[in-house]
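Input: structures, listed below.
Look at the two complexes coming up: chain A is in both, with chain B in one and chain C in the other.
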Partner chain A sequence: MKPAPFDYCRPSTVTEALEALSSAESSRVLAGGQSLVPAMNFRLTDVSLLVDINRIEGLASVDCDPGGVTVGAAATQTRVLEHEGAAGVVGGLRAALRHVGHLQIRNRGTVCGSLAHADPAAELPALAVASGAMLAVSGPDGERRVDAADFFIGPFWTALEDGELITEVRFPAPPPGSVTIVDEISRRAGDFAVAGLVAIVEADGGAVRSASLVGFGLGGVPTRLATAEAAIRGWAADHPADTIAEAVMADTADAFDDIHATSWYRREAVAALTARAARRALVAEEAA
Partner chain B sequence: MSLDIDPHIRHSTRHIGRSVPRREDRGPLTGRGRYVADIKIAGMLEVVLVRSIEAHARIVSIDTSEALAVEGVQAVFTAADLADVKTFPDYIPYIGPVRQRPLATDTVRYVGAPYAAVVADDRYIAEDAAALVAAGTTYEPLPTVADLDQALAPGAPKLHDHWESNCSFDVAPHKPEVDRAFEQADHTFTETYVSQRQTGLPMETRGVVADITDGTLTVWSSTQSPHMVRSTVALMLGMPEPQVRVVHPTIGGGFGTKTHIYPEDIVVPWIARRLDRPARWIEDRMENLVASVHAREQRHDVEVAYDDDGTIRGVRCASTLDMGSGEIFMPGTAPVFVTNACITGGYDFPNMQARTTGVVTNKTPSGAYRGFGIPEGAFVMERIIDRVARLTGTNRADLRLRMLLQPGQTPYVMHGGGRLDSGSHTESFEQGLEMTQPALERALARYADDPDVRVGVGYCNYVEPTSPSYHLTTGHWGGGDAATVRVDPDGSVRVAAGLSSFGQGAETVAAQLAADALGVSPENVTVVLGDTERAPYGLGSWGSRGAMMLTGSVLLASERLMDKARAIAAHMLEAAEADIVLTDGAFHVAGSDQPSVSWAEVGTAAWIRYVDLPDGMEPGLETSGYFHPENLQHQLDDTGKINAAASWSNGAHIGVVSVRVSTGEVRIEDYIVVHDCGTVINPALVEGQVHGGVAQGIAGAMYEHFQYDPDTANPRFASFMDYLVPTCAEVPRMEVDHFESPAPEQPLGVKGCGEGGTVGPPAVVAGAVSDALSEWGVDLTECPVTPVAVRAAIRSAEAAGAGAGS
Partner chain C sequence: MTISEPISEVDVEVTINGRTRRHRVPARLLLSDYIRDTVGLTGTHLGCEHGYCGACTVIVDGDAVRSCLMLAVQADGGEVRTVEDLAPAGSDSLSPMQQAFHDNHALQCGFCTAGFLMTLESVDPGEWNEPERVVELLSGNLCRCTGYQNIVAAVTEAWSAYHGGGGSRDG
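Moving on to the complex of A and B:
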């Protein structure tokens, strides 16, 4: 479990980082390294140059305004989790980060790194899709903005091109009065989800008005549960959960099998989580 | 055995029976533990083993030229280079001989099998070169067998060409009384129970450092049995035993995996000798998961005969062990024999006919893991009892109380010859039931308003053979152990024993024993373990034997030492030996505490001031005790039975679980243990053993599972992402209570307690979850009990038409 030889550099500006990234065949960005470094130690990933972005001025910032939260590329998950304003604006950040790994992992791991890594069972990519997050990407050809919905292409595969770097991601504030729920089933505390759900639910008068529902741990990318989003409109606590479950089944036909869970289990579990999220949102609405 | 604390010793404080603080924790807790990986020797080379990526293949050729060309690579060795090394001995006559070579010769039989060794200046270079050796290896793949069915199928590919089949052994006794039970019983059923593949998983992986200086080979190995490693290294490398020294430095857990003697224990010393340079190999975690033994993979095909009133009349159980490739020394064959020997637990159940079979497959060799077969059998028995209770409408706890051994029923000879010398089988379960009531009420109240949650209770009553024979396991070694006790000129005491210590607290226990046996304070006792040069021949620590072996050997040596010390003191005090007593470290004549002589004065006389010795007395104050427990048998008797343990501990485990029906999530709400390991030397250590054991039991009950691809026999695991070890977040609160039924034939009544904790959880969790889901008729027959397994059980019950409310 020792990595193959590689070069390392630690630029101090984004420009230098981009130059470095373009200078080598298989260069990779090192932010928290919580997935990349083990993969290198397992010799599962071929890296010739590591570009460490942790000393780039301003890249670790977390900025908050009433419209949303902007997280810099080097901002750790702990920094976001403990940020005083962020949770108030985008409640989903705290709800999602609570499930990410363990304290030691969050102390190093970054929000943008998790998005770039694009593990299909991770919480943050699903939150980005559910909340309509926007990523700022810099590359040899300049800057561009990518909607989270277009960013995830497949397992561990994103819209990032060679030599590109996510510089920040902006999570917009959810609709006023909505509740963001991040719920998952994992084999152990802190594990990647066997099946999970991000639900941003607006309720009104004891019924669901609308919901943004994105599952994770189901397919290669965060899974928008579009049928369920339609089916859940107008749902109230005394309605049967069957309609929600059927809709989730329709949305998750591609769910995968692995040693931790079968496809049918993942689908059933996300259906159960969706009904649970709707109930929780209605309880929250009643309390508010 | 009449060994006891000398009645002439008076203590103001006795240490046996008290929670004397552990003396072995300071190093590991302060980062000052010295593990094998911490040993640095100038000029030391780094060894990396190249391991098979094929589950079954002939090795056609190995091209090492590219690896040898890497700067910093000193050598690459393959099996051909090790021709002067003897084969691992096949000591057990009734199992298939595997003729294991330290490096695979022409055939590899599991992914992870070592077939070449790269020696380089550091580990990075060695791994770079190992990758080149791997790339330079040409295999001719052979068909694989990934499980028992494939291995036993007619015409199955054979792992070992010189065997008739993949069956290593098959012992099938026939009991006419069991046939009669089946003829007479009201009903029968058949079922198959499965125990999944796991491993002991010590925090510290294995490691070996070897160095030859002045003709003596020193081997630092993370092993549980240094003397056995010494004998085997000397044998295989053709060296005199006195020229081989094996040391285990600080060890970060073993759990049975380090009882085996592995290829690296031979290859690394061989490299050190061949290159005349110190060499080291440290197992990384990726290797550890395929290169250290696995365990527990067994299948149990049972037939059960029972009556309408719940009486179980007879059981036939065919227990089959998946041995992996079988290429491990000592062989991993014994656990399934222990499974069958202990399967009836604390129950009075003679009508058991148990067949014992071992089969090889293209997987990592299986071997020892804390519990050593006991949990597998307990699972089968408890699941059978729950099934019969359900089929006959009998209360599950009541049925167990009807079956358990009653007070006064010991000694009791079990169906296979195991002789339960004592115990609290009924009392422990009754106490556990009483402790369960409030826990159950708490759980029911907690989920009263949640229609998605069900609550259930699971039971296990087990026996734990302690201080067993090693002859059945190794075909070679026996089952005793030794200690040497010395009092130095300054009166300090030194105890050296053949036991090992890797977390259990053996050093603390040895100091407590010597303190009471010699009337001194434990602070005055220095304990030396785990070094063949400094301690007498012993078999190390495994089989819940440390406490009893230390008790026997330390008391035996101390008794001899006290005889001599008293004679010296009597001479110095000009009194009769019979009148001498020892009070808080001072020898004096009974009835008068002055004049007195101290241990230092006696020690000084024995070693230095011979003028103070009685005329003609041999100088010195060092004695040894070689302890072999009474009634411990090493070979089967005429009827095929054996009592292979010196004494038997027992326990009752009860768990209360909640199950979320919609997702299959299981939570252990409370876990109750009532435990009996005879006389307790150190209550805190016993408590710790129970807690750790239960945690590992829960690992097997709910999390850990080595899965292989059925088509290729390739591992479906590479790291802790796939092999799930429970953490403190998964292990529940435990309530532990004790009984003390002293071992009537053993010194101080001491039994062992190292493994019992692992036994209960699989049976308890499966029983409790099945109980919680009884409205569906769920009856789990295997572990781990995962959310998927729970949902699958509910779905299949619903599909079978036994849905809720029916």
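Moving on to the complex of A and C:
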């Protein structure tokens, strides 16, 4: 057996789950388990009580309306990816999820679990920040809503307090006529990105009108590219890409180095992805 | 079924390859170890045991999953299929996909093969004829021997066998 011993429970309501989470010191939520179980197999994570939320009625729901998509805590990535309505309302979900792991991982892994895990190189946290997603969090003191922009604090570190559980996340529909692009540089398909970008771009008359730009794999949390968002307004395909690149470089000065890439490489990569996203958005606008 | 009180040992009932089994297992027992050690079906191979290589892929309630990233208790009440379920029962023949792997030299040491077969088995056979889809589908399974070309060739041939052979994936 790989993981160290722990206790297990499988509540049938959120209230029971919250009671269980508060009953032990090192309690953890088990949703898809695709990051938690390997961490337990390596004994990197100390778990005394595992609270399995997969049999809680209604928690695996995916609800769509014209204003957005609401994904329950136990809804798998495959379920969202294959949901007929979800991609039509929030195109970024499909664009992001096709980069997440592999089929076998997405069949178990959950959207909310990916947000709670907060891997700095993951796509879904960046999509949540770029699109202004709102998380519903339940805990011993009741329910609260947390804006994705305030949720990610550091690598694998979020605003979730001990004993709290994400019950659902709401991705609002992007502006009408916008294009959501999720692009990344990775060694192999399905690997975590060396660096990547979520871009929600509105174009009009052959020029970019506005864009929400969030990089990932650059620092501890999804990185809002605010200078680039300002620089890209009014950009057209015949403009030089240098202005975009310089702005992205200014936004990413803190990007980290590791064995996979230097800080400089990551910044250059995201600068190139940003120009590429702008071009793709303009092509899509012309075709529409 | 609800388990309200925290426990370290759980009763599980899992239907594996059509046969229902009941065991009391530690909560920390992985599904992969349950299949191999508790049930004794050693066709499922364990490579990395942290979700990277795909060798331990089995089908749980219709979906391909990595059995090393699931606890046995999570399969409680569910249906599991392993590589032992692929060939037609009571005969010496292989399933069309297994036969195609054999005919195309799509395995050498064979360690990863069960994982590839279960991933392929989990999707609609119509997807076996789309080379891009096949490559994407198999991107979660590592093979260190073949270089993958022969595996993709085998999948394409199995699609032909499936469509030419009366439409049964069981041969």
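Definition applied: the second predicted complex is superposed on the first by the 287 of 288 C-alpha atoms of A that agree within 3 Å, B and C clash if a C-alpha of one lies under 4 Å from a C-alpha of the other, contacts with A are read in each partner's own complex, and residues count from 1 in each chain.
Just so we're on the same page, a contact is a pair of C-beta atoms (placed from the backbone, for glycine too) under 8 Å apart; a residue touches a chain by one contact, two chains touch by 3 or more.
Computed from a predicted structure; not experimentally measured.
Within the superposed three-chain model, A:77 lies out of touch with both chain B and chain C [touch as defined at top].
Of the two partner chains placed around the shared chain by superposition, chain B and chain C are both touched by A:188.
In the superposition on chain A, A:107 makes contact with chain C only, while chain B stays out of contact range.
Note on chain A: of its two partners chain C and chain B, the one contacting more of its residues is C. After overlaying the two complexes on the shared chain, residue contacts for A:37 are found with chain C alone; chain B is out of touch. Once the two complexes are overlaid on the shared chain, A:272 sits against chain B while remaining clear of chain C.
Contacts of A:50 after superposition: chain C is touched, whereas chain B is not reached. When the shared chain is aligned, no partner comes close enough to touch A:212: not chain B, not chain C. Once the two complexes are overlaid on the shared chain, A:2 sits against chain B and chain C alike. When the two structures are aligned on the shared chain, A:262 is found in touch with chain B, with no touch to chain C. Taken together, the two structures place residues 1-5, 38, 42, 188-190 of chain A in contact with chain B in one case and with chain C in the other. By the touch rule above, chain C contacts chain A in their complex via residues 1-8, 10, 26-30, 33, 49-51, 54, 57, 63-66, 68-71, 73-74, 119, 122, 136-137, 139-140. Chain B contributes residues 123-124, 127-128, 131, 284-286, 662-665, 703, 705, 707, 716-719, 721-722, 724, 726-727, 729-730, 786-788, 791-792 to its touches with chain A in the complex. Residues 1-5, 38, 42-43, 185, 187-192, 194, 259-262, 265, 268-269, 272-273, 275-276 of chain A touch chain B in their complex.
Residues of chain A that touch chain C in their complex: 1-12, 16, 20, 23-24, 30, 33-34, 37-38, 40-42, 49-50, 52, 54-55, 78, 101-105, 107-108, 188-190.
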